[in-house]
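Two complexes come next, and they have one chain in common, chain A, joined by chain B in the first and chain C in the second.
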Partner chain A sequence: MALLKLAVRNLRRNRRRTAITLAAMVIGITGMTALRGFINGQRETMVENVVRGRIGALQVHHKGYVQNVLTSPLQLDMADTPELRKKLADTPHVIAVSPRIEFGAMVSTPDKQPPPEDGSMLPEADQGKTSFFIATAVEPENEAKVTPRRTNLVKVGHMPASPEAPELVLNADFALGLDAKLHEAGAPLPPIEQQLALLAGDRDGALNGENVVLGGTFPSFSPGDKRVGLVPLVIAQRVLRMEGRVTEYGIAVDALSEVDGVKDALQAKLGPDYEVHTWSELFPFIKSLNGTQDFIFSIISAVFLAVVLLGILNAMLMTVLERTREIGTMLAVGMRRRQIIRLFMLEGAVIGTAGVMLGLAVGLALVTWFNHHGIPLPAPGATVDSIVRPYVTSRFIAGIFAGTPLGAALATLWPAWRASRLRPVEALATA
Partner chain B sequence: MTALVLTLLAAADPDVADLLKKYDEIMGPAAFEAEATMTATREDGSERTYAMKFLKKDQDKFRIWFSEPSAVKGQEMLRNGDNLWVYIPNLKRATRVANRDNFQGGDFNNADVLRVNYAADYDGKLVDAGQPDAWCIELKAKHKETSYDSIKLWLRKSDYQPLKGQYFGTSGQMIRSATFSEHREFEKGFTRPGRIVMQNELVKTRKSEMKTSRMTLKSDPPAQRFTQADLGK
Partner chain C sequence: MSHLLDLKGIEKHYELGKTTVTALRGVDLQVERGEFTVVTGPSGSGKTTLLNIIGCLDRASKGSYVLDGVDVSERDFDDLAEVRNQKIGFIFQSFNLIPVLDVAENIEFPCAVRKNPEDAKKLRARVNALAKRVGLEPYLRHKPDELSGGQRQRVAIARALITEPRLVLADEPTANLDSTTSEAIIDLMLELNKEQGVTFLFSTHDPRVVKHAKRALQIQDGKIHDGAGH
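On to the complex of A and B.
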């Protein structure tokens, strides 16, 4: 205790040096905290966009579907029964189940005017267009619970009123390219020759279609996903001649950390005819991206740490040099060499503790402020603002809090050892 | 060497425009009525057979009625000039489709069936056929509306009958290849292949086979058959 008092007093003797060392630590720790917070926030946003904006936390398919999704997605379907839905919904942590069919479809816009009586051709600008897109057939109400980020984005127009409503929701840029007119909610349907046609090959490849209108649009999440749209499930089942069947269930859970347990529980319940995938299995690139980010972060942290600790080491070396006579005196009056080591390491630990407290205070204040206000960071090419909300885990805070004073103490180990090795007579003789 | 010179001389003989005209006359005579079936084999090995009736008039008017299977019964297609329509009974109306779209989910595209006038859509030049009894024409698209970027076509020297075709996309990749066989005289003085097998070169397990069972060269089908208003009637 006496040593601690001495250590604190020693640090206060050369205030400017202590302040500079402290400043370096504060900057280093603030930087690390802010960077970690930003990486965490960005990761969360990305996962949110994928999980709550596109696919759901988990997906259930017929066995082999994911592997064969490009060749025969409609053949590997499942009977959509109330029992199956109940089975899925009654699993712990599952909060919503959304039946879906994903399929390639075409949307065809009507001609802008009736064909000329004389049999001549309409000018090209007035001709309807037919375009291919990737359709996801959903029950609007259930889908809103699994991917609320997507359905909430339908700001222009509305989500289909029901699974039977003949309304499409298309990507806004895609709809603009089609020059498709938006249908007001509740308004009577236009005559069929002015409606859109949803066309698709049925399960056996035969072309089929349904008359629909454009109910709403949603903006792009990321580049390259423009030709996409949502179709009410029953309408899609009619076009595909797949009444009562689906190819996918999107599943929402109450906590993303539980997905692996939920996956095992679902797989055990469903048996070998079904396959269950978590979002990270369906989007493996996120995991590898996380790995890369963590690697880069650890390199940056190491550089920060080295700079901070070298600063402490340097300051302490200076101190030992300056206080040679003093150390000689202490040794001469009977202080043990071990106590000298302890004194200098304590000085390091004290400055480390002060630095980490100040650094964390500034860093956490920054992270909290940005968490509150959010950093708008649109993905390149996307028209949806991604708000990044930085945060750090208590584990990270605890790690920094415990590690920095320890590191600072260790950094003083060498200067402290040098001080303890001084010979009292020689030390006293130094000018 | 002599053989080579002879082949070169022989190959240099015909006028390409003439060959294309011959091809168009065989595959898409000015006016005809025909019945055909198309069997599409998919990657999982399953097959589906469609039965249909064709009617053609002038260079650019084409109509198809589907009768089988029941899923497409009542479906019709119409080509009038550059416009392509499909009538689906469910929709109770016609809707536009594109040249490049698959014909009934098979390996022919719509233009392969409804738009056989290469002379209008492609520029041709003779290339080495690799076989002595045939000419090979390489066709390059004249405009963007064509369904392929280029085509290689082999025509039999003795009677101009098509033997095989290779169809390429914009990247230069072969998308499909066709084999023409069972050439026979459908009407006196009119011979054409009775069977065309279109092999999907991107997904090798997919192919479609078009078999023509009857073909008569009609002099003049009523023009009204080629109007939108007539679809579904």
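On to the complex of A and C.
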């Protein structure tokens, strides 16, 4: 207790040095907290974009589907029965089920003019275009519950009115490239030759088509999602000759932390003919991205920490140097070496505690402010802003809180040891 | 009963690169309990070296040293810390108070850092009594830099006495003080020696101080000549 009093007073004695050491700590800890908060927030946004914007929290497929997904295996499909949907929906934490067919399709735009009478070719600019895209056939109402972020982003035009409505929703950049005209909701359908054609090969390889219009567009909000579109489920089933069948169920849950339990529950219910995957299994790159971010963060933290601790080390070395005579006096009147070490380490710990409290106060205030206000920021490759809301976990706070004073005390270990090794005669002889 | 201090054949050599400086060349010295002794001698004669060895701040290169019946020449550093804390009080030429502690805290410091410190209230009562005795009562809450040199040395005297030591060592305690203040400090030490029977051993250059001493030792070229005191 007497040592603590001494430690605190000694820190107050050289106010400027203490203030500079503290400032370095506050800057370091604030920076670390803010950076961690931002990384966490961005990570959550990215997961949100994937889960609520593209795939759902979980997906159910026919066994072997995911392994063969690149060939869009329509053979690995499932009968879409009310019983199956009920089975999925009646699982704890499941809040919505969206039946889907994922398939490769083509969309053709009409020629802008009728062909010339003389049988010559239309100028290129007036010719219709045909392009490949990845189509996801959905029931608009159910899909809106599983991937609301995507359906909410259909700001130009609208989602298909029903599973039977002959309306496509395409990525806005893709639609622009196709030069496809938007169809006003409720307006009468244009004549057939001015409609789009949706073409796809069925399971037997036969090419079928349906006439559709462009109902709406959604912007890109995550990387690599440009040649994509939503197709009403019944329309797709007609083209693919898969009436009453689907290849996928997208599943929404009430809390993402529950996905692993939900996965096990679903798999147990469905049996070995089906497979269940969580979002992180379907998008493993997120995990590796997180790993990379964490690695970079720990390097940056290590640098911050080293700078801060070197600052403390330097300050304490100077202190020991200045107080050599005083240390000599303390040794002369019978203070033991261990007590000298303890005194200086206590000074390190006290400044560490003060620094961590100030640094966390500033850092958390910053993180909280930005959490409330949100940082509008497009995800990489996206054209719409995602609102990043930084946050830090209580584990992070606890780690910083415990680690900093400890680190500060450790940084003091060497100066303290040097102080304790001083020989009293020589220490007393210094000016 | 044995002598309080019993030094035999004490030598001290300093290795300075290839040359060896000899500060003490065979000092024999006995000091009895309750003595008031000064050591005088020209600059560089070895006064500080001798007092440091007696104070267990430094070790002799050669010779034996028994303090209060304990052979201290073989003790390790932390043992010596305890000997210094319990048996010896130090008064330094430049006071060496701890600047962040006030007068009362400085006085109690040697007792406060003990492994098993005594009850804080009792300690404070002793501090107050001692402060009163050395004339510091109004200054208990003052920091050293708010005191005059004489007052600072009084704090140092009180700090040296708080542990009720067998021996108080003072290396030129008046060298940084004017003559009036020096006299007062010497008088105070003499009184304490008389009242409390504390053994004082101090060094000085000041011939006026020497005349008060009961026993005066001359040190010259690292050897002691016992002169008569007054």
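Simple rule for what comes next: the second predicted complex is superposed on the first by the 405 of 431 C-alpha atoms of A that agree within 3 Å, B and C clash if a C-alpha of one lies under 4 Å from a C-alpha of the other, contacts with A are read in each partner's own complex, and residues count from 1 in each chain.
The criterion applied here is as follows: contacts are C-beta pairs under 8 Å (C-beta built on N, C-alpha and C of every residue); 3 or more make two chains touch, one makes a residue touch a chain.
Everything numeric here is computed off the predicted structure, so don't read it as measured data.
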item	value
First (chain B), second (chain C), both or neither touched by A:243	neither
First (chain B), second (chain C), both or neither touched by A:329	second
Chain B versus chain C as contact partner of A:2, first or second or both or neither	second
Touching partner for A:83 - first (chain B), second (chain C), both, neither	neither
Touching partner for A:13 - first (chain B), second (chain C), both, neither	second
Chain A: partner with more touched residues, chain B or chain C	B
Touched partner set for A:273, first chain B, second chain C, both or neither	neither
First, second, both or neither for A:337, with chain B first and chain C second	second
Touching both chain B and chain C, residues of chain A	none
Parts of chain B lying in touch with chain A, wherever the complex brings them together	40, 42-44, 46, 48, 50, 69, 71-72, 75, 80-83, 86, 88, 90-93, 95-98, 101-102, 104-106, 203, 223, 227-229
Residues of chain A defined as touching chain C within the complex	2, 6, 9-10, 12-13, 325-326, 328-337, 339, 423-425, 428
Residues of chain A that touch chain B when the two form their complex	71-72, 75, 106, 108, 110-111, 115, 119, 121, 127-130, 192-193, 197, 199, 201-202, 204-211, 238, 241
Touch list for chain C against partner chain A, complex	52, 55, 57-58, 77-78, 81-82, 84-86, 90, 92, 96-101, 109-110, 112-114, 117, 159, 163
